[in-house]
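Structures for review follow.
Heads up, the next two complexes both have chain A, just with different partners, chain B and then chain C.
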Partner chain A sequence: MKQAGSNNIFSYKYRLKRLRRDSNYWAILTLVLLAFIALPVISIGVKLFAGPGETWGHIVDNLLFDYLGNSLFLILACGTLVLLLGVSSAWLVARFEFPLRKQMEWLLILPLAIPGYIVAYAYAGIFDYGGSFQLLLESIGLEFIRIDMMNKYGLAFVLGISLFPYVYVSSRAFFMNQANSLLEASEMLGVGQVKTFFRLMLPMARPAIVAGLILVLMEVLNDYGAAKYYGVNTFTTGIFRSWFALEEPETAVYLSALLIVIVFTLILLEKFQRRNVQFNSNRSNSKSIDRIKPGRQKRSLIFLVVLIPVFLGFILPVGQLIYWATLTFDKVFNSSFLALSLQSFWIAFLTAFMTVVMAVTLIYFSKWSRMSFIKNVAKLGVLGYAIPGAVIAIGIMIPMISLDKWLISIFDKVLNLDIGLIITGSLVALIYAYVVRFLAVAYNPIESTSLKVSKTIPDSSRILGVGNIRTFFRIEFPLIRTGIASAFILVFIDVLKELPLTLILKPFHVNTLAVKAYEYASDEMVMEAAIPSLFIIITVMLPVIFLNRMLIK
Partner chain B sequence: MLEINSLSKSFDKGKSFALKDVSFHLNEGDVCALVGESGSGKTTLVRLIAGLESPDAGTIKINGRIVSSLKTFVPPEKRKVGLVFQEYALFPHMTLFKNVLYGISREKNKKARAQEVLELVGLGGMEDRYPHQLSGGQQQRVALARALAPNPSLLILDEPFSNLDAILRAQLRNEIFEIVKNTGVTAVFVTHDTQDALAVADEILILQDGELIQKDEAANLYTKPNSIYVASLFGNTIQLSQELQSAFNCPLNPACSHAIRNENFAINEECEHVTYAQVIKRTFLGNDTQLLLKLDSGQKLAVLTKERNVADRIRIGFNSKDVLEFKY
Partner chain C sequence: MKRFLFALATLAALTSCKNEKQDEAATSGDSAGEVNVYTHRHYASDQQLFAQFEETTGIKVNVINASADELIQKMTIEGKQSPADVLITVDAGRLTRAKDQGLLQKVDSDILNNTVAAHLKDPGNEWFGLTKRARIIVYAPGRVDSTQLSTYEDLATEKWKDRILVRSSENIYNQSLLASLIVNNGEEAAKEWAEAMVENMARAPKGNDRDQVKAVVAGEGDLAIVNTYYIGNLLNSENPEEVKAGESVKVFFPNQEGRGTHINVSGAGVARYAPNKENAVKFIEFLVSKEAQEVFANSNYEYPVNEEVQPAPLLQSWGEFKEDRLNLSKLGENNKKAVLIFDEAGWK
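Moving on, here comes the complex of A and B:
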């Protein structure tokens, strides 16, 4: 009898009653926020039904194979390069004591401060005719051998060298925090260093390494500036071409949809590789690793090996940029450039604020809803980070243009006013797109700090008669401030570096440092691109160092 | 005062139940203990009463007002329930005074009241300290003061002593319940420790696998448990199987099951039902000694005794009045 009664309360009638009882404002608001974030992808999906554009057939016949081939090549080549550089440097830094190790630990992150397209400009300059490489060879009396960077091999190298820190950071975190007791066990059993690394640490670290790798591949697929400059046809450049040059939104939409499929395949592969792995955060493992102190020769060798990625990914390109900057300083650095920088910072600041607000509301509204399914779907909001900026931009343009057309017709009919496009090409569209793309960047640090606050603390507040919103401001906000601050900084950095999305959506009169650098470079004035590039790098570098300190803590 | 009617909660859409068809009521001023092993549904029941979860079925009434049913759900901030968590859950960025003030910030005499409850729990003069500057026992008192400050109509203490060591525990338990009883608040005290429950509660509720299996006064629960599970919660119990019944020459109603508490076994004393046994092993356990006996009828039986020097051959027995009888 009892069993029958218990089953009965899960009949649809009961479920519906409970749904009515438990659906509060927060649940509805969470769904509204999610719809807002999902709008770009949805509008691409809807637009697919309108059919491909005229040139689609031509693209399928002549270019699609090129796009696919190049993108796959970049995934494989960049993937291999970042794994080699990232994992080896993480292991050496975590496991061995060598000169300047502490400095190297954070220097290895700095390549992330330089956007891929800027590294691409620098390397193009280094290996060009009359470039630094030629001058160097001639000064030591060698004959000039030209290395051609402007192809897919050069592109893979440039992207790999600037993105490997993602793999470095995630695998170093594993090697430093999780590995100690395993290493001790392995040492006790008398297993050598090399074997320990390949047989034990590498398989154990795989989930962490692959998580970093996936981030790299997302960035590779997102890149526009470097691929454009090196003349390599990728999906992103294809989307730009069909949008701007061919003026065929339908074709851009089809390419975007294909790119989304590729990205989500990668995400599924990542989930699949993690299926059997359980993360254990055993506290006894968190004591820091005992480093090996090798002999002098070996020490210097390790130092050199770790120096290579720092040199190639940071010192060399920055050196080239500084050299260029000295040549073009008088021409570029003027009051309008300062105004442009301020505009760029202001946009990044505003976006970071909006994104943090969005992340906080999404996290807390879903917590406050009493339905478990709301809590599960809220996480989907972070998938925007996986979608390349160009795709998000297209996905936002489509509904914005329709909205504008609608507004124009309303104003025309009712007030007889010609208002023109108000939303398309305004800051609203640009910041909306940034929020969708960078939500995950803010969501993850805020969520992880909020998980550190025991659930019983906000619960206590509510039991003491204080509602959700006041509980947030009085109890939770003070306790998750650090998470919010790092979320803010991370989004600020990402917006400052962002190129493809900004190029498509930026208002006509607005400019950013990234766009300025791109414009100089595409106008055959790559030397002039150095100053805006250095501005980005310096602004990004300070917080990167700061955040690395927090990671080490 | 608190009325709970066929309350059920499942966290996996009906595959298993954290709480199943639980009903009971408490009167004004009752202090009741909710006893069960971990996973028995105690914490779920508490969270449902406080409004931190919503039930799948059933109703909860506090002071005659429905706070949870299929139609209504009163949020926790409007229930006037006080809750002291196992890990105290003090606000780490606020002083003791601010912590206690938190729930009464809209009242007129809030400062005097906060001072009053802090004195009540014996922490006067420590108002400006932060939670991390206090010992576990002191944090526990702050949590109690904070919960009592708004004069809740119902106070729930969820495993309040399980983070404290054994010596501190008994002392603090008595102190805290003296405070609770003096305020006259209706209180529910959640614990897995039956000693704690027996020491402080007027009434005890036993939960097993999400079901309420017995609710009674402490003394009754001890003498008339309705299942061998409840009996064994309150002390070492030995089931009287058919074989043991015949060994002691004590035939009992075969439709029921029976048990006897270990302490009701008598060694070498006059009893209604006796048998002889050989001691085959002695295990010294400090207060008690465990004897492994081989009865003359062939069964083995382990009993505890305070007696240190027991002969190798003994007579063991019990009286009929001490036999516990269960319907199932």
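Moving on, here comes the complex of A and C:
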């Protein structure tokens, strides 16, 4: 009996022994990196115990219901809109042959190149009094009908039209890669097109569609610029208001915590809907889908249906911006604007580099650690993407300020030197926040390519006595280069578009294109915002097209 | 790992050289003759003024542009190390806030005391107004007769139900207007006013001041509360449709029989830890001088604080008006109260 007891794999002693056996540097380093990533959320959690600010009661009485109602409305309305646009266009593109189909395939992604707040500025301008829409109606002799964009319905439309490509991309991938054999079966059994779509494809594609939808909803909750411009109170605008107008970071922390709860509820719902659904077989269907070639009339109709989201999400807003840019070009475009663009690119570049390094380290450190527990925990690092930028910014400010105060006291005691707050409001804090927020963006493509690398090559390298790090640079790195490249580009794009986090954490002498556009728009100079906006769009557009090529391959 | 360390090193190098630069700005200022300006005003005319100051005095002007809230946060964080010499904001409320947080210092300048009227500066001489703007009523002449208009208080009466356009309570100009009502009429009356105003709004508050004017022109409401210079900006917009909108409304200065129209200022103060205090004072003195005030007056349609300078011809065409001589520091003191009342009244 005694012997059996000591061998009991559930015993505390045995576990400890295993822990000692399996733990190595890499496991510890992985945990350190994770702590680094989790710090903002932890600091918000800790700060909650300090109690809310004095206006918290006031906010609960007068504003919280509004924040909650509007945020939920946006989730529902945007969700519906992106599902309608994203799934229908993905299905038509994947299943039918029609004029300009190939071009449409990537044009449908382009709305992602325009940040939501910029689409919001453009639409406000189009439907403004004296805006393009009125001029158009008057030029063809019609009475002007005002469509008011500046409300929550307009906001839902604007965010939906700029975010639907997430759903489009994820569901198109399913329709193109997984659906073929199912479609054949359905066709052979004589089931009609419409029925096949609703009874078979839609339920089968649900996990893919919902995965895209979740990304959209996170972006919706993250939005600050568009909601602020349209005067809709959401959690994010509430966080800014309580921090800056009411000067109560404590209250902002409480709102942030509530927002995190909403986001994680969404994530849990997604996990829940997926629980039994494991349709997507790993057998990849290499045969590409056979597209139906409909008659001429139907073809043009399909073309038009697919054109609608491209027109509304890209052509129309960009057209408006170009018009504004021609009016304000002389005023805005000068050497200091170019310097600002360069600075913006440089920050995005540096962040992309840091984020990729962080993702690679996290993936490989956890790989090299022997504990499976570490490997699973490492995946938690990607949750930063779910947390809205404003919340991360607050979560980073809190520990940075205490670190600074600690440094000040040390320098004061030891050297009798007043150094001031050196980390808060420096580029370090900003890039740190970006890395936390966009780690998932880099993690996923790198991880998926790293899984494709056969284990045997690095293993044999290690057997031959080459260390982990050298093996990585000599063998694995060249093999996962494409994953790293796309991760780099994706982070670069996201940083360039990012607004709320940048607004809170950017160092003083630093400015970005996104912040510049926001500043113009909030100074009642929305026409002047067009040029920085177009700069962002053009810079983002090129890699988006490039990435689409890679996705199709 | 090597890469990671390398990146960390790069980052460290990057930030440290940034700090060096800041220190340089802070310390070398004394000898080289510099002034570091934190400003919320981003108009092209301001740049022109700064260049003019550099030319006449030889003092170099380093400008940092951001919103006043950010600038105040920044100065708080920088503490004693702050390189800021001068803080410029576009309303008195934020200046008072900066003063309350101990970010400004007292300035003894005969020039400033003689030029800037008592109600347009801090009673403790920590900040001074540079330009004035009035919060006025604009109306559609066909639908509103000017004899119907009288005071801000009157806008809360029954006859204006569903006819008023005004922007959201987020906006500092509205907060200052309500703060002035709190001081003049008491908190209770101010709250009743805000509640009645919400009833009278033609639509839920949205958009900026320019949007309110356009909505009046389009007939969504009959009158709007806006700042004077926005009318000037509309009339001189690059967009011909905005010019049309500006031309189709008339302006009315409320409370002329009583205390006068509510005004606000953009203003400046010397930072508490200013490394170049002397230059900072010189700089603000320059901004209220006749030549600088001419530029302010003619570029952004603001009223000059220097009484020797005439406002822009457009503003003169509206005639002279009586302004509320309430000390503007009261606006800042009552700002938070105003924000809370707005929320309670449901003014979005």
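Odds and ends about this structure:
Everything below uses one rule, namely that the second predicted complex is superposed on the first by the 538 of 553 C-alpha atoms of A that agree within 3 Å, B and C clash if a C-alpha of one lies under 4 Å from a C-alpha of the other, contacts with A are read in each partner's own complex, and residues count from 1 in each chain.
One rule holds for everything that comes next: a residue touches a chain if its C-beta (ideal position, glycine included) is under 8 Å from a C-beta of that chain, and two chains touch if they have at least 3 such contacts.
Predicted model, so just to flag it, every value in this text is computed and none were measured.
Of the two partner chains, chain B is the only one touched by A:V466; chain C is not. Residue contacts after overlaying the shared chain place A:T456 against chain B, while chain C stays out of touching range. When the two complexes are overlaid on their common chain A, residue A:H509 makes contact with chain C while staying clear of chain B. In the superposed model, A:A227 makes contact with neither chain B nor chain C. Touching more residues of chain A than its counterpart among chain B and chain C is C. Of the two partner chains placed by the overlay, only chain C lies in contact with A:L427; chain B stays clear of it.
Interface of chain A with chain B (complex): residues 2, 5-7, 9-10, 14, 17-18, 21-22, 370, 454, 456-457, 459-467, 474-475, 478-479. Across the complex, chain A meets chain C through its residues 55, 58-59, 61-63, 124, 128-131, 134-135, 146, 150-151, 230-231, 233, 241, 244-247, 327-328, 331, 350, 353-354, 357, 361, 401, 418-422, 424-428, 431, 469, 503, 507-509, 519, 522-524, 527. Of all residues in chain C, only 1-4, 7, 11, 14-15, 18-19, 42, 44, 64, 66-67, 69-70, 73-74, 77-82, 97, 168, 170, 204-211, 214-215, 217-218, 220, 230, 233, 238-239, 241-242, 244-245, 336, 339-340, 343-344, 346, 348 touch chain A in the complex they form.
Contacts from chain B toward chain A in the complex involve residues 8, 10, 13-14, 17, 20-21, 50-52, 54, 56-57, 70-73, 75-83, 85, 87, 89-93, 102-103, 146-147, 150.
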